[in-house]
Amino acid sequence: MSEQLRVGMVGYAFMGAAHSTAWRTVNRAFDLPLSARMTAVSGRSPEGVAAAAAKLGWDEHTTDWRSLIERDDIDLIDICTPGDTHAEIALAALAAGKHVLCEKPLANSVAEARDMAAAAAQAATSGVLAMCGFNYRRVPAVALMRQLVQEGRIGTIRHVRAQYLQDWIVDPSFPLVWRLRKELAGSGALGDIGAHIIDLTQFVTGQSISTVSALTETFVKQRPLTAESAGLSASAANDGSGLGDVTVDDAALFLARLDGGAVATYEATRFATGRKNALRVELNGSLGSLAFDFERQNELEFYDAALPSAEQGFSRILVTEADHPYIGAWWPPGHGIGYEHTFTHEVRDLIEAIATGQQPTPSFADALQVQLVLDAVSRSAETAQWTAVEPALERV
Amino acid sequence: MSEQLRVGMVGYAFMGAAHSTAWRTVNRAFDLPLSARMTAVSGRSPEGVAAAAAKLGWDEHTTDWRSLIERDDIDLIDICTPGDTHAEIALAALAAGKHVLCEKPLANSVAEARDMAAAAAQAATSGVLAMCGFNYRRVPAVALMRQLVQEGRIGTIRHVRAQYLQDWIVDPSFPLVWRLRKELAGSGALGDIGAHIIDLTQFVTGQSISTVSALTETFVKQRPLTAESAGLSASAANDGSGLGDVTVDDAALFLARLDGGAVATYEATRFATGRKNALRVELNGSLGSLAFDFERQNELEFYDAALPSAEQGFSRILVTEADHPYIGAWWPPGHGIGYEHTFTHEVRDLIEAIATGQQPTPSFADALQVQLVLDAVSRSAETAQWTAVEPALERV
Amino acid sequence: MSEQLRVGMVGYAFMGAAHSTAWRTVNRAFDLPLSARMTAVSGRSPEGVAAAAAKLGWDEHTTDWRSLIERDDIDLIDICTPGDTHAEIALAALAAGKHVLCEKPLANSVAEARDMAAAAAQAATSGVLAMCGFNYRRVPAVALMRQLVQEGRIGTIRHVRAQYLQDWIVDPSFPLVWRLRKELAGSGALGDIGAHIIDLTQFVTGQSISTVSALTETFVKQRPLTAESAGLSASAANDGSGLGDVTVDDAALFLARLDGGAVATYEATRFATGRKNALRVELNGSLGSLAFDFERQNELEFYDAALPSAEQGFSRILVTEADHPYIGAWWPPGHGIGYEHTFTHEVRDLIEAIATGQQPTPSFADALQVQLVLDAVSRSAETAQWTAVEPALERV
Amino acid sequence: MSEQLRVGMVGYAFMGAAHSTAWRTVNRAFDLPLSARMTAVSGRSPEGVAAAAAKLGWDEHTTDWRSLIERDDIDLIDICTPGDTHAEIALAALAAGKHVLCEKPLANSVAEARDMAAAAAQAATSGVLAMCGFNYRRVPAVALMRQLVQEGRIGTIRHVRAQYLQDWIVDPSFPLVWRLRKELAGSGALGDIGAHIIDLTQFVTGQSISTVSALTETFVKQRPLTAESAGLSASAANDGSGLGDVTVDDAALFLARLDGGAVATYEATRFATGRKNALRVELNGSLGSLAFDFERQNELEFYDAALPSAEQGFSRILVTEADHPYIGAWWPPGHGIGYEHTFTHEVRDLIEAIATGQQPTPSFADALQVQLVLDAVSRSAETAQWTAVEPALERV
C-alpha cells in the first residue's frame, strides 16, 4: 500500500469541483507512489463548504483556510480561490512547509507573483514543491503537440496563432459576477483565458514571448448587479441604477514576437458568439504544422511536409491510443476523454514530482513569467505601445 | 444523508472498470435519492480481483460471484462478464431479489435472453428491477437526437444509416482473444458492436427493425493462440500450429426495414482501418436530418429543413449546454465529457428508477428484442435470405 | 495548329450544358493533339435548341439528330439525352463511323446495353471509339484515390462503403418529372446516381461486384403532373386527379460482395434531407483507408497505417497540387475546381484516346457491366434474393 | 443579339488566364445585356503573347499595350500586369475613354492610387467606368455572408478574425521571383493577399478599418536568383553569390479597430505550411457569427443565436442553392463551383454596371481606401506605432 499525500483544498466552486474529481480519480487511473487523500476542504460559507465536502468527497471541512495549513496531517494545499487570495494562501502554506498547487493565474499582480515565485524557490531548497495549475498542458493532444515540436517534426516555428474564444457574456443582461470586477479577478478575458494560451503556446513551442502590441476592449460597460456584486462593488460602482461598472476587459488581442523568431497573434475573448471553449493553437513551422482546438480535445491536426507531396494534408490524429500521452490509463482507442481528465493528469504529474523530489511544471517561476506577459499586454493596451516583457526570475 | 444502494459487481475488466467509475462518480455529479456503495466485486482470479478491488475502489472482493448474491447487504448485482455467463448470473440474482444491471448483449442466445426477460418481468412484479447496459443511449448528443425526433423536428424518418467501425484486429498477428471465440462471445462484431447500433437506432427512431438481409465475413480465419485461448480452444481449434480458428464474424452488414417505414443500412466491423470507435447514426426525415459519430461524442449534427432555404445547413451542435441532457451535472459549455460519463449517466438513471420503483430502460425485454434482431441477422447471413425478426415478449 | 475533332451533340439540358462547357474549355486548359470544334447541337424543340446553341456556343443547330450523323464534317456524336434514346442514337452513330461519347447510364436495359457494347467492340476494329460518361472518375481526388489503391497504399481492400445522397424530391409536391417515370428514366435513384457509385467503386478498387442483396423503396407514390408529364403518362398513370404515379425507386440500398474479397454497402437516394450531392466512397484496406465526399470534391482523406502509430490519422489532402491528377492545367494550390471540370477532364482523356487510337475508358463494355449490376440490383429487390451479376462481354 | 463589350487585356500570366476564362464564360452562364468579345491581348514577349492568345482565345495579340488603348474597336481595358504598371496603363486607358478593370492591389503606392481614383472619378462623369478586381467578393459564400450581415442576422459585429494563409515560399530554395521584389510588387504577402482580406472584411462588415498596429517579417532574407530576377535586381541585390535579397515581407500581422466598433486581427503570410489558399474570415456579432474559409469555398458557417438554445450550432451552409448569390447560373445543389467562377461573377457584375451606367464596385476609390490601409500597416510596422488610416477621397 502506498504512502498518502494528504490534501487540503481551499475553495470549492468550479475549480474546486474539477480538482476534487482529479484527487478522487488519480489513483484509480494511474499506478502512483503516493495515494491522494482528500483530507479537508475550506470555504467561506459554512453551509456551502459542508455541502461541497459531502458532494465532492472530502473527509472534513472548515471555514478557516489557515487551519488547513496549521494541521500536521495535511501535506499539500490546493488553492482554488479567485486570484486576489492566491498570494496570501500560497505564501502561508509554503512557509508552513506544505506543498502547493495553485490555480492560474498565479496572482493578480506581478508583485504578488514575484513574491510567490521567490517563496517557491526558497521552499524548494527544503523539498517543498509548488506548481501552478495550467491544466490545458495536460490535454493529451497538447502534450503530443509539444512532443512533436521537440522531436523537430515541424522544424523552425514561424507562426503561432492562438485564440481562446468563449461567448458566455455576449448577452448584456448577464450579471456583474466577480470575474467582471478588477479588484477580484485582476483582469477579464486576458487573465482568465488569455493566460492559458500564453502558457500553452510557450509550453508547446519552447519559446518565450518577448514583446507585445495589444488592445483590450470592454464591449458592455455596465451590467446588472447581483446580490453578491451589489455588495462587493458598493463604493466603486453601485450608483443605485441596478447596474454596476464592468472593470475588466471583455476581449484582449495582441501581436507578439517570440524569442525563437516566431511571430504570433493572440486573442482572448468572451464575445465570440457560438464559440464555447475554443482554445485554439496553430503552429506553422519550416517542416510542418500543428493545430489544436479544445472543442475537439481528443484530436490533433498534424501536417507533415516531409511526406510525398501528393499525400500531404492535415491529418486528424485521434489522440486516444495507448502510446499517446496519459492515454494508457484510460479507455480503448476512439473512446475519448473529457475536460476533467486534464486535472487528473495534472495531479498525477504533481504526485510523481513530489514522490521523486523533482520540481513539477509549470513552476511558480513559469507562472510568474506568464504574469509578466499579462502585465506587458496590459501596459501595451494602456499605452498603445509595443511593450517588452520584463525579465522573470530564472525559471526552474 | 440518502439511503444506500449497495452494489456487487461481477467481472472487473474493461466493463468492470467503466462501471466502477460510474458507481464512484454518480453521487458526486448528480443529486440522487440513493447513494451508491461499492460493496464488493467478484472475479475468477484471486490476485486479479484483489488488485482490481483496490484499484477500482471496492470495499471487498471474492472469487465466488454466488456469494455476492447470497449477501443481505447487497441490493444490486452488476454483471460485467462475457456474454456466456450473463444468463446464469442474472437469473440467480433476480431469483434472490437483487436488482440487476447486465452488460450488453443481454445473452449469447435468444433462448437465454427469453429466460432472462421472463425472469425480469416476473421480478418486476415484486419491485425487483433489471436493466441492460446499452450505455450509448446516455451520450448527451444521442439523448438530444432522440428528443428532437420525438418533438417531430425531422418529420417522418425515411433513412437510417448506422455504422459501428473499429479496427483493432486488422493486423493478422493480433491473437485469438476470447472475443474471437463463439463459445464465449456468442458472435463477433455483430453482437459486440452491432448490438449497440441496433439498440441505438431503435431508441432514437422509436421504430423497430422488422426484417433484415445480412452478410457476415471473417477476413482472418486463424490467429495466434494466447496462453488463455490455447487452453480454451484445446479440443476445437488447436492443431498444434500455434494458430487457432476465429469462430466469429469480423464484420456484419445488413439491410433492414423498420416498422415505421424507414429503410436502413447497418454495418459493424473491426476491420475499418483508422476508425477507432466510430459509432455513427444518421437519420434522414421528411423535415430534417440528424447525424452523430461517437468519435466526436460531444457534437450532434442537425439539419432543419424548416429554416429559410438559403440558411439551411448541417449545424454542429456542441452538446455541452446546461439545457442539454445530463450536462447540468458537469462543466461549463464547450468543456466536453468523455466515454465513461455514459456509464455514470446510465447508473444515474438506474438509481432514479429504483428509487421511484419505475422500470429502467432498456429493460431486459428491450434487450431481448435486440437479441432477436441479432438472431435474425445471423440466420439471414447463414441462409442468404431476408429474415423477419421474431416477436419478443411484450416490451415493458 | 492542331487538327480538329468536330462534335455533334444530341440533347442540350443539364448534361448538354455540362458537356458544352467541357468542349469549349478543354483546349484552353490542356495542350492536346486535337482541337474540339462545337459543330452542331440537336434537340426536339426548334426554339429550345436554337437558344441553347447560342447560349452554349454551338455553330449550328437542328431538330434532327440523324442529320448530325449523316454529316461528313462531324467526327463524334455526344449523347446527352435521357436513357431511353441512348441505344438508337449510339448504334446509328457507330454504324456511321462516328466516335461516340454517351452519357450514363449506358441504356435503360441490359439488352440495349449489350447491343451497344457489341457495336462498340465491332466499331473499335475500324478505329471508331466509344466511351461512356461516368464523369466522377475524373474528379482529381477520385483519380488520386485509384492511384493510391493501385500503388498498394491501403493493401487488401476489406470494406467498400458507398453512398450517393441527394434530397431534391423530399417535398411531396415536387412534380412528376421525366426522371420519375420508368419508361423514360429506366429507374430512379438506382440508375441515375446508383450507377455512379457502382462504376466509381469498381474503378477505384479494381474489383467487380459479383453478387448483391437489394431493396428499393418509393416513399412518395404519386406526384403532381406537369404539362410535360401529364402528356407522357397519359395512358398509364393520369387518372384525372392531377397526380400521376411515380414508377421508379426513390431509394435503392444493397449489400454486395466484390470479386476481390471485399464486402460492401451501397445506398442511392433522393430522400436524404440536407445531402445535396453527397457522392461518398470509403475504402478500408489492410494497410490504410481512403474516403471521398463530392460535397468536398477538392479533398481526399487518406489514413496510412504505415506511419508511426502515434501519428496516424485521416489526413485531408487538398487535391489541388500540380502533381495531382489533371490539376496541372488549372490554378495554384488551394484554388479549387468545380463540378464542370470533371467533364472537361473526361473529354480531355477522350481526345487523347482518339488521337492515339486507344480505347477510352469507361468503354461501353465497362458501362454494360455497370448495367448488369443495376439489373442484378433490380432483380434482387424484386425477388428479395441474393442475386449474382451476369457475366458481361469480355471487358476492354 | 446583344451589343458587344470589346475587351483588350494587358498581361496574360496567372491573372490573365483567370480573366480570360471569365470573359469566355460569362455570356454562356448569364443572360446579359452586353456580349463580351475577346478582341486582343498584349504582352512583352512576342512568342509568349502569341501563344497565350491562341491558348486563351483572344482574337488578336500585340506587344504594345498602348495600341490597345488607341484602337476604336476596344471598349474596355483589363489590366492583369504586376502592380508597378497599373497606374500608367489605367490612366492612359481612362484618358482614352476606355472602361477599365484593374487587378488588385490598385497600385504599388498611395500616390499612384490617389491619381487613379481621381482619374476614375473624373472619367465617371463621362460614363467611363473603372473597377478594381477584388475577386473574392464574388465567392457566393462571401456574398451570402455580406447579405446576412446586412439583414442584421448577426447583430452588432464585435470581432473580425481574418487570415490569408499560403505556404508557397516556405522552402528557402524557392527562387527570387518578381513577387519577392519591392520595386515590382510593392510589398509581399501584405499587398498580394493581405489586400484581399482588408477589402473582404470591409465589404462584408460594412465597416472601415480606422487604425492599426502591425508587424511584418521576412523569414528568408536571400533567395536564389532566376534568369529573370538576376537581371532585374542587378544593381541593388546581385552580389555574385547567386542569391538576391528578398525585399518584401513574407508575413504581415496586424491588429485593427474598425469604425463600427469591432476589433480585429489580420494575418497574411506565405509561410503557413500546409495552408494553400486559406483565406479565412470570421465575424462574431451580438446575435450570431459567420465563418468562411476559401479552401472550402462552397461553404459558409453560420451561428444563429436566435435559435432555441439547445439547437444552436455552427451550421455548414452548402452555398450551392439556386437562391444563393450567383448560383442560379450554374449547377444543381451540391455541385460546387471553383476558383475561376469568382472572376466570371466579377465580369458579370461589371458588364451589368456598364450596361446600366452604374458605378461597379469595388470602385477605384474603394481600392484606394484599401491602399491607404496597406500604407498604414506598412508605416505601423516600420515605426512600431499604432497608425491611423488616412482619409481617402470620398468613396463612391
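Labels A, B, C and D are assigned to the chains in the order they are written; within every chain, residues are numbered from 1.
By our rule, a residue touches a chain if its C-beta (ideal position, glycine included) is under 8 Å from a C-beta of that chain, and two chains touch if they have at least 3 such contacts.
Since we're looking at a predicted model, the values are computed, not measured.
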item	value
Taking each chain's C-alpha mean as its centre, the one farthest from chain C	A
Between A-D and A-C, the pair with more C-beta contacts	A-D
Inter-centroid spacing, chain B versus chain A (mean Cα positions, whole Å)	37
Distance from chain C to chain A - Cα centre to Cα centre, in angstrom	55
Chain centre separation (chain A, chain D; CA means) in Å	42
Interface hub residues of chain C, defined as touching at least two other chains	275, 312-314, 318
Touch list for chain B against partner chain A, complex	14, 18, 20-21, 24-25, 27-28, 55-57, 166, 168, 275-278, 294-298, 318, 320, 330-341
Footprint of chain B on chain D - complex, ascending	144, 148, 299-302, 304, 309-318, 321, 323-324
Residues of chain D touching chain A in the complex	154, 158-159, 161, 163, 165, 167, 170, 213-215, 217, 219, 251, 253-255, 257, 261, 263-265, 267, 269, 271-275, 284-289, 303, 305, 312-314, 384-386
